[in-house]
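Think of it as A, B, C, D and E in the order they're written, each chain with its own count starting at 1.
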């Protein structure tokens, strides 16, 4: 077993958890590599927090086991697992100063005073908390509070950091900043980090690998790039990307797709030899080219513009391809008006094809 | 005066409002054109809701006047102003069915039964609420509730719609959908709409014009495009855009900018003849070109990549220009790694220059 | 040792009597009297006493009306056996009437020390009130009825009647023994003879009670001593109440015969019930307390305490052998009746608290409503007949 | 560091279980145990001491044929209905008045709630004094020249319930006011705005929109008031002692008097069992209502 | 657009006046609001007024006069008498003894009941175990059971525990009967705290008591205050338990009050009764007036969420 876990920091084996009759996690397996930044991404209620709590030992699993650093910690107390955890709501102890918050765990573990002071100072430095050490959480801004919460995990010198939507309570601007800080922190520390979010931007930007969850099971575990370019199934395809992929139902026959548009999919990288049948064709709005650039591409069609959303850097066009809604992302500089007919084109290389029945990628 | 208001639907004159000593709105003037979609955008607490409540007559102004459709309604009751209002929390009457919610106001105004039925049917059709008419709000999803709230304004056949962050309580996906629906609704109805939000995406995509508010005053009132490209001052520049504009402090001397980079600003469209002095140079991350495309541009520099955030369609690069942080938005296809040195370039046409003292655009 | 004595003697005259008793107890023994007065009437106090005894936190001594009230407690072995004290002091020799001691006896053992005799069959009259109305003070129930219109005219309440159940049932019982006579009384309550209960006499008694209800209209009294106080003030003419009312007269400085008058059995058959108060001594673990209990039992039945206590309270002593020459006319009347052997057992000795309580409820309801005499009579029969 | 097997179920959380012992004991021994004990002994002929001498339903038969019990139930019903309606009506009215963004709101609220801080004994004594015919309201009325003015509820069997109501509401309506006020404050400000934009007058908004929205708060109030009504005892003892006659007797007093005064425990237990049943009849529907609501959300 | 129901704005014409807002200070509606409140305030304050006035009058003045009239001659005699001279039986030390008894009962009962209830609430929210909700539900049901149902069995329980008649027995009874509502209060409060706080403390290695004492208690001061107010007033005002489960030398003040009011020796001394009543109500009233909003909040919190 130990060998098997070489290079694996957190390993989850056949984990199941239910509340009464409701199954929240079912037979879940997951290996997180040493030093990896793994993001658990999924819609609300899919069991992300539950999984994280199981890893932390805050919720006993119904079945299955959890290994951290090669040890079976399934029945260990949270404080004995070598993990640190950061919560969405900060969960700072309001009556203690920042310093008190940072040192509470160490005091509980009866770490010597000197050592505590040293570690708090180091964490405060890393997170630029020095000037705040004597303040109480109420006197901190949201971003500062979140940094203290991270510091609380930091002082404990743990191998694995668990984050449960740590940035959801912050406004968009701060969220972007802290995201970058977190990424930098990971680059510096090199710890294993498991990070729960339902924000795809966070997932895409932070993760080494993303695990997409749905209904207590993992749908796809891969690098952000893979997930974006090669979604494993229709769910992932529809979940990732904003606006999401255009999904066109149709039939595949002898390498030709017939649906709202017809397309020769020669050049598409099939996972297995293609079989004819009902399929769904996925085209990301940003892989659609318009105007002159479109004409050179093998797949072409005409769409009618219904709504135009200028978003600054780029413009989102909500159009109709025959009867099917179709979204196109264009450069912010390009001008298009409601009612225009737009010539579009795209490259089979950037397409996705799914089996309509199994929903899996072809 | 009446002539002056031609084509103006809502006009606010010298409006001031304070709670005790605290001034929430100060000497605010605003004209909203007939049929216009005006978005009030600003950080939390800047007075957006207060202004909207003043227009609706839900909060009496301390000073100033409000005109709607050419009438001075400063002291009129909300129900007499010809406005409909939609709230963030929906504010549906929970014990009434959807139909009851839609018709309660009309019944109260003693509109004939037939007329009520007709109007409710029309609103339900417009908003696709027909199958829900007999349900109670508790049995509706967030998006459906928000549609009922809109319907309640719709049945009243008013000229002006007021929205107070109508989409904030919804999740990202639903928000995007309803945004498009709202836009469509406006295209069909052609009413004047005043829409409060703190979400720039909503503002950019929905608005005919955006009024950016700060501390109870309007900073800039212009089309989304203008606000994005030609922010009136440093506040607007920093507020709009995600990530926001790179702002580089420096000096302007004889048409040359000296700061973290040096740049010849010939080609920049000055509002007034340029004067030398301390300025701030603004460059939007998406106006920065990299690689071969950069070399052809008049302004060039080298930056060090610190963090790379792939976001699917595009990639955000957090870099350093000398000591100054510098953000670049690149195409999702381009590859760049932490530690790389990146050649960047941009065009003076897309720059913004601000006076460092007055913070106003030059 | 400290001996806690609980009782409901809290009105003026009663408190004075307790004061005497405590003084004598502390003088004659080296024990300490700890007073545990509980205000209100016996029905307020008894639950508290009972729950304390049952709850295993007994007081040193407690007042009960002797009779069936404490019987179950005795049966359950919760009460101190006083037989030795009684024999040593020869209680049987001087306690008069002997029925008093009998009421304290269960299976040949003695469990309580009687302290006084209470006769509830008295009617008290205020001379001042009758004078104000210009009529002779009534000496019988019939005279009172006759004087009523004149009294009313003078703005005087003919009958001061507290509305609490025990007071209204006291009136009923006084009428039963006074109007019906001793045999009737015994036949009704001791033998519980249905014929007696349904008899015309009983029906008539209920009608008299209805008249009493009228005579007391407008009094709005609840506590008995408030009623007595009306007599003392001269704003009410008569009150049917136990001999303890004398204590209030005495405290107010009034004297029998000149300021107030008295008669037994509402001027009818002069029988007095020989109920009264007895002191019970709950079994106690502390030997010191047991010691004090025995001492108190002796003191209570001793002549000095009997004189002092009963003089203050206005009740009759339990000893046949003490000289009460100094007592006033009313007490004298009581003593004479007692000496004549015109005694009947008290209600407490014949009926369970349950039945007694139901009769109290019935009379209270009767006085507090316009319930017909006929219906009330019927219910009265049923209550008595259901006594187990 | 790592344990290999799961710990025993019973000892999971043992500290919490230990700490909750007082609660568990109270729930089981006092609330369940004592209630059951009472119910069991209500089928016996216990008099002064509890005895397991079963007599079937005899105690209940007697209970329901006792006029005093019938009067008690009647009184409780009359008092209960009136008190419930008046308390809710006054409470809501006061809450609405207090909700009008008035000045001195704290002051008014303090005045309305302070009797709640007092003991029923105190309330009883005070109202006895105010209603005293010789000194109180009747006296005032007469001394103002209305020489025939009669207002003596404490001695009038028909009015005595009003005296109880006046005192009961004096003490208890403040609580309802405060709870309803908290409920009103909990209602989304935007609903008010929406109603104003719809042109609905304030009173209509209160009745047709706000009142239905406060259903749960009203349910809480009703349960609290009902529980208080069933427990009604101290006030009666202090104010009327059940009088005049038995005109203001209530079940709780019946229980108490029979258990101790009349030394008929069986009868007292039968009466208390009836009260227990009444409580369950109020609480169970309420609990079901709440649970039902939770399931829907 | 000018429709029957919602015509175009019905405001004044543009050139019309645009002066100052119509005054909102004192329109008929406000007068009705304040009028209603004042009428109710009189209903609520009158008894208090009568009590105070009566307690400051001598008996002769009471007999002559109007209960609402202020005293012509203020006397504190009744207060002195109520406090230290009024008699029940042979004990003529007024309410003073009852006061100290009440203190001796209220202090430990408040502390203990709150301690127990707080731990209950904590265990219920943060350390749920099988059946914990069931016990809690029973507890809440228990709050509604009339006390009379349980008086007798509790006598027996106290006897078995040997606590009958002692102050500790009464304290125990108060702890038991205070438990439902105070536990509810704490449960509601603790469950309104973010559960993450508790999780964070567990990750930080704090145990059952560590989390309670070092994390939760320090941040629960408001609710503790509220609980103290509720318990002090509740226990202080108790009559039924006080009279049954104690002995005369440890009677609380309410029982003593009832004794004084009901032991009529000669004439009823209304002024003394009123003074005694006020004295008895003084502690809860003081707490109530001092705590102001907290009391209200506690009651609302304990009830609204119930």
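The rule is short, and it goes like this: a contact is a pair of C-beta atoms (placed from the backbone, for glycine too) under 8 Å apart; a residue touches a chain by one contact, two chains touch by 3 or more.
Treat the numbers as computed from the prediction; the structure is a model and nothing was measured.
Undergrad: When you check each chain against subunit C and subunit E, which touch both of them?
TA: Output, common partners of subunit C and subunit E: D.
Undergrad: Give the chain pair, either C-D or A-E, that is connected by more C-beta contacts.
TA: C-D
Undergrad: Find the geometric centre of each of subunit A and subunit C from their Cα atoms only, then give the gap between the two centres in Å, rounded to an integer.
TA: 90
Undergrad: How many angstrom between the C-alpha centroids of subunit B and subunit A?
TA: So the centroids are 28 Å from each other.
Undergrad: Report the inter-chain centroid distance for subunit C and subunit D in whole angstrom, where each centroid is the mean of the CA atoms.
TA: 38
Undergrad: Could you tell me the distance, in whole angstrom, between the mean C-alpha positions of subunit B and subunit D?
TA: Once rounded, the distance between the two centres reads 55 Å.
Undergrad: List, in ascending order, every residue of subunit C touching at least 2 other chains.
TA: 47-48, 51, 54
Undergrad: Hunt down the residues of subunit B that sit against at least two other chains at once, touch-wise.
TA: 79-80, 109, 156
Undergrad: Two-or-more-chain contact residues of subunit E, please, as numbers and ranges.
TA: Subunit E, residues with two or more chain partners: 6, 151-152, 156, 258, 261.
Undergrad: Name, in rising order, each residue of subunit B that touches subunit D in their complex.
TA: Contact set of subunit B toward subunit D: 53, 56-58, 77-80, 83-85, 87-95, 104-105, 108-109, 138, 149, 152-153, 156.
Undergrad: Show which residues of subunit D lie in contact with subunit C when the two form their complex.
TA: These residues of subunit D touch subunit C: 45, 47-49, 62, 66-68, 71, 133, 152, 154-155, 157, 241-247, 256-264, 267.
Undergrad: Looking at the complex, which residues from subunit C come into contact with subunit E?
TA: Touch list, subunit C to subunit E: 4, 6-7, 9-12, 15, 18-19, 22, 33-40, 44, 47-48, 51-52, 54-57, 59, 223, 225-226, 229, 248, 251-252.
Undergrad: Which of the residues in subunit C end up touching subunit D in this complex?
TA: Its residues touching subunit D are 43, 46-48, 50-51, 54, 69, 71-73, 76, 163-165, 220, 222, 352-354, 356-358, 361-362, 364-369, 379, 386, 388.
Undergrad: What residues of subunit D sit close enough to touch subunit B in their complex?
TA: Residue positions touching the partner: 188, 190-191, 193-201, 204, 208-209, 212-213, 215, 296-297.
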